[in-house]
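One chain, subunit A, appears in both complexes that follow, with subunit B as partner in the first and subunit C in the second.
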Partner chain A sequence: MAIPPNVSPAAFNAALDAWRDAVGPEWVFTSEEDVALYRDAYSPFWGEPEERVASAAVAPATVEEVQAVVRAANEHRVPLYPISTGRNLAYGGSAPIYSGSVVLDLKRMNRVLEVNERNAYALVEPGVSYFDLYEHITKAGLDLWIDPPDPGWGSVIGNALDGGAGWTAYPFRDHFGAHCGMEVVLANGEIVRTGMGALPNSKSWQHSRWGYGPWVDGLFRQSNFGVVTKMGFWLMPRPEAMMSSMATSEREEDIIPMLDALNLLENQHVVNGSTQIFQGGRGPAGSAAWTIQVPIYGPEKVVRAQMDYAKAKFTAIPGVKFVEGELFRTPLTPEQLSRVRLVNFGIPNLSTFAMLGRNPGAPDPAGGHIGFSPIVPRTGESLLEFKRFYAENLPKVTNGENLGITGPVYMTCWERTLVCLIMFPIGRDKAMNAKMRHAFETWVRLAAERGWAEYRAPAVYQDLVADTYSFNNHALRRLRETLKDAIDPNGILSAGRYGVWPKHLRKT
Partner chain B sequence: MTRSRTSLLRSTLLLSALGALASVAYAADAPGQPQSAISGEKVYERWCAPCHAPGPGHPGTQSLQVKYGGKTPAVLLERTDLSPEAVSVFVRQGLLMMAPFRKTEITDAELAALSAFVARNYKGR
Partner chain C sequence: MTSRREFLQVAAVTGLPVIAAGPVNAATAMGVWPLRTDIHAVLVDRRHAASRSVGARLASTGAQVQAMADADITQVWLHQIGPAWRERPVPIAGLTARSALFCLEQLALSRGLRVVFHGEHILYPDGRTEHSILRGAQRAQVSARDLTRAGPQWPAAIAEALARHRQNPRPERFGPSDAALEPALPPGAQLLTSWIIAAT
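Showing the complex of A and B:
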């Protein structure tokens, strides 16, 4: 049996005994075989000493059990690493940041506690996946959509806390932004409810986001200040229709006025769908330099009117063509469902892995992947700057080799920004993984020199990326460390997550 | 630094490859539930079908189609060469983009039912 670092066998055994009492012995995993299930299948350090691995795992089913587990860990100074469904692949999966931590596996907390159709919200536990919430809503016959990210097996809470985004309408596809109210177990085992939830017998926990006094919900995003055990989310009432059109141009420089038009339309809330920007593609006049997908959700008449407005804005740009897409009335027919991207219609699935996995164009894939996802301002100039930056630096980053790195993909998850995604294949070949690591680390450094940094990072690179947020001698990190020391003085929760380490593990 | 390894990994590599992912279930709390009450088909539908069902949009099926080129069925439930033991190893070891499934996702009892269901046409070798 593995022992967490800086923990005596006696203290660890005492914690294990307490956990077995709390959750039942069958939900405390210490055998090598069981603990191996918590390895990060997409680790860029797979099989190397630097791979982040757990020492054990404990899986409570209720918030009371979470409290008991955390209290025992705090008493015996055992590092814990909470996961929700453990499917945060490419960002660490179910493995801890700090090797030797005990994974606090919340998958068994799998209840959809409430879905309210009239006020359009849900309250869920961490083990609830997008598949689960979709199934619950569908079986109940509620006229609500969820907003799934690409893989539907992830946790609704976990994805929101890690900063994930989906593919339907704004603001719902900003998953943390769409939350309303949390329940959190702190490192001392105490339960806190945020927002209106702090009111005993609150009637508006999932109705009003801000509550009263300083708002603390953001402290639990990409953080290690507590274990979130419940979270509310605002849901989109099923829209009557969705229509996605296409603006294209054959000239490279047209991306500048095209993104200005798109920004105006998004900021006016005329275009609310998840737009996509493609380089190349086939426009109405043949090959196009740029194609922008323009989706709008809403009542059919409103969608048609807003699309007319969008068309006028795009076609006012000389040389830009606009092709109106099919209008889909919801719910879609099976035939329609067979030819659309399901996540755009609130239906979770795993088809994204068809692109990432073995396919005719990639018959021998590495298996896993990680992504570098810097946030860039949503302007054509910035996009073209990033495009040049990528092309100019790719040979340097890869030492001239073709490593299978792909990108950039320009994503428009959030208003006013682009996510310029670069993907790296990760497998079991240590030499190739070392090259990927070199490439990733170099991109982080080069991008930071231009004022770009990631919104989210693979587990093993959370320190590296946090280091780039260094304004005023890392003032933000020091503030977070001050908070960490106050909220979790023994430093037992998710040491190292997003670059925040407890006092006893800091390097300086 | 603590490390966890499993010797089963080696045996996985000796078996023919499955590229697969699966969907997420309400994790049924198996303790106290008799094993006979677990439907392997239901476990399959919840955890395996999103990747291994027939047709486009199923990454596991696509992967096996490319791997075998039609010589072996790409649809998991059409296979006759998968033993229950092989199914269990793939679930617990994962392969390529398919990460392993933890016991909080698929319990040992559910895995036994799932393996028996997927391997129901196993003809041996």
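Showing the complex of A and C:
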């Protein structure tokens, strides 16, 4: 049995005994085989000493059990790493940031506590996956959509807490941004409810996000200040229709007015769908330099009117062509479902893994990947600068080798920004993984020199990326450390997550 | 547990072809059919002849066989395996792409099921096939050498091994399989994965 670092065998055994009492012995996992299930299948350090691994796992089923587990961990100073469904592939899987932590696995807490159709919200526990919530809503016949990320098996809470995003309309595809109220178990075992939830018998916990007084919810995003045991989410009423058109241009520099048009349309809430900006491909007049998707969700009449307006804005740019897409009335027919990207219609699925695995289009894939996705201002000038930056530096970053790194893919997950995704294949070849690591680390540094940084990072790179947010001698990190010391003085929760370490593990 | 009738209805709804269950009158090169199996569902990838062949043979053991169009398990998961596992942790098997096994394994873990049998079959463009059994060889009474000896009949042999596999009556512990990633293969080669996921 592995033992967490800086914990005596006696203290660890005492914690294990307390957990067995609290959750039942069958839900405390210490065998090598069981603990191996929490390894990160996409770890760029797989099988190397730097791989982050757990020492044990404990799986409570209720909030009271979570409290008991956390209290025992605090008493015996055992590091915990809470996960919801733990399917954070590409960002660390279920493995802890601080090797030797005990995974606090919340998968068994999987109740959909409430779905309210009239006010369009849900209240869920951490183990509720997108599949579960979709099924609940579908079975109940509610006229609501969820917004799943590509893999539908993840946790609605876990994804939101890690800063995840989906593929339907704004604001719902910003998963943390679409939450309303949470319940958190703090490191001392105390339960806090945020927003209106702080009112005993509150009637409006999922209706009003801000509550009263300083808003603390943001402290629990990409953080290690508490264990989230409930979270509310605002849902999109099923839109009557969805239509996705395409604006294309043959000239490289046209991306500047095209993105200005897209920004205007988005900031006016005319275009609300998730856009991708493709380079190349075939446009209406032959080969296109740029293609921008223009998706709109809403009532059919409104969608048609908004699409006309969008078309007018794009075609006012000389040389830009606009191809109107098919209008889909919801719910889609089986034939339509077979040819659309399901996540754009709020339907969770796992097709992304079939595409990542070996298939006719990718005869020799690695299977795994990690991503570097710097946030860049949504302007054509910035996009062109990033494109040049990528092309100029790729040979340097890869030492001139073809490592199979792909990108950049330009996405519009959040308002006013571009997410410029670069993907690094990860396999079991240690030498190749070392090259990927070198490339990843170099991109992070080079991008930071230009004022661009990642919004989310693989577990092993959370320190590296946090280091780039260094304004005023790392003032933001120091503020977070002050909070950490106050909220979790023994540093038992998710040590190192997003670069925040407890006092006793901080590098000076 | 989903009845055969419900299963066929689901298949009709989802448009997934079901290879009919029922006796297959082919005595295989490897053994005596029909075997009976407690495997609840068998997943095959209809792009591959070997996979279709395994499906046809296992249909005769009473298993419900789902032929997927590719490696995407979503529909089978939503309409067949997810609902079945909510009732009880029934065993499932397949001859599929690695990524299909990976997805099912991940979903299985939270329900206490594990990959208890795992074989890999590399199909080279020149017609050769290379086999390895990574887990469960003894309980399925099969070895890579048996499969090599079976030559082009290896799908029948692996079907029989899947049907013959019996769980250890004593609880066993299994870590994750290595299905998450893809091994490097020579150009043109393809990989099929045979597997059983069951409660341990």
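To be clear about the criterion, the second predicted complex is superposed on the first by the 508 of 508 C-alpha atoms of A that agree within 3 Å, B and C clash if a C-alpha of one lies under 4 Å from a C-alpha of the other, contacts with A are read in each partner's own complex, and residues count from 1 in each chain.
The definition used in the following text is that contacts are C-beta pairs under 8 Å (C-beta built on N, C-alpha and C of every residue); 3 or more make two chains touch, one makes a residue touch a chain.
These numbers were taken from a predicted model, which means no experiment stands behind them.
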Original post:
Clash or fit: what happens to subunit B and subunit C when subunit A is overlaid?
Top reply: clash
**OP:** Examine A:Gly357 and indicate which partner it touches, taking first as subunit B and second as subunit C; both and neither are also allowed.
**Re:** both
**OP:** Quick one: classify A:Pro334 as touching subunit B (first), subunit C (second), both or neither.
**Re:** second
**OP:** Applying the touch criterion given at the start, work out whether A:Ala2 contacts subunit B, subunit C, both or neither, answering first, second, both or neither.
**Re:** first
Subject >> First, second, both or neither for A:Asp429, with subunit B first and subunit C second >> reply: second
Original post:
Between subunit B (first) and subunit C (second), which, if any, makes contact with A:Tyr212: first, second, both or neither?
Top reply: neither
**OP:** Have a look at where A:Gly367 lands relative to subunit B and subunit C in the superposition and call it first, second, both or neither.
**Re:** both
Original post:
Which partner does A:Val53 contact after superposing on A: first (subunit B), second (subunit C), both, neither?
Top reply: first
Original post:
On subunit A, which partner's contacts cover more residues, subunit B's or subunit C's?
Top reply: B
Subject >> Footprint overlap on subunit A, comparing subunit B with subunit C >> reply: 32-34, 36-37, 39, 41-42, 85, 87, 107, 131, 152-153, 342, 349-351, 353-354, 356-359, 363, 365, 367-368
Original post:
Considering the complex alone, what residue numbers of subunit A touch subunit B?
Top reply: 2-5, 24, 26-27, 29, 32-39, 41-42, 49, 51, 53-55, 57, 59, 61, 85-87, 89, 93-94, 99-100, 105, 107-108, 110, 127, 129-132, 151-154, 342, 348-354, 356-360, 363, 365, 367-369
Original post:
Once bound in the complex, which stretches of subunit A touch subunit C?
Top reply: 31-34, 36-37, 39, 41-42, 85, 87, 107, 131, 135, 152-153, 334, 338, 342, 349-351, 353-354, 356-359, 363-368, 426-429
**OP:** Using the touch definition up top, name the residues of subunit B that touch subunit A in the complex.
**Re:** 1-6, 8, 19, 21-27, 29, 31, 46, 50-51, 56-59, 62-63, 66-67, 92, 94-105
Original post:
What residues of subunit C sit close enough to touch subunit A in their complex?
Top reply: 15, 70-74, 77-78, 82, 97-100, 102-103, 106-107, 109-110, 173-176, 178, 180-185, 187-188, 190-191
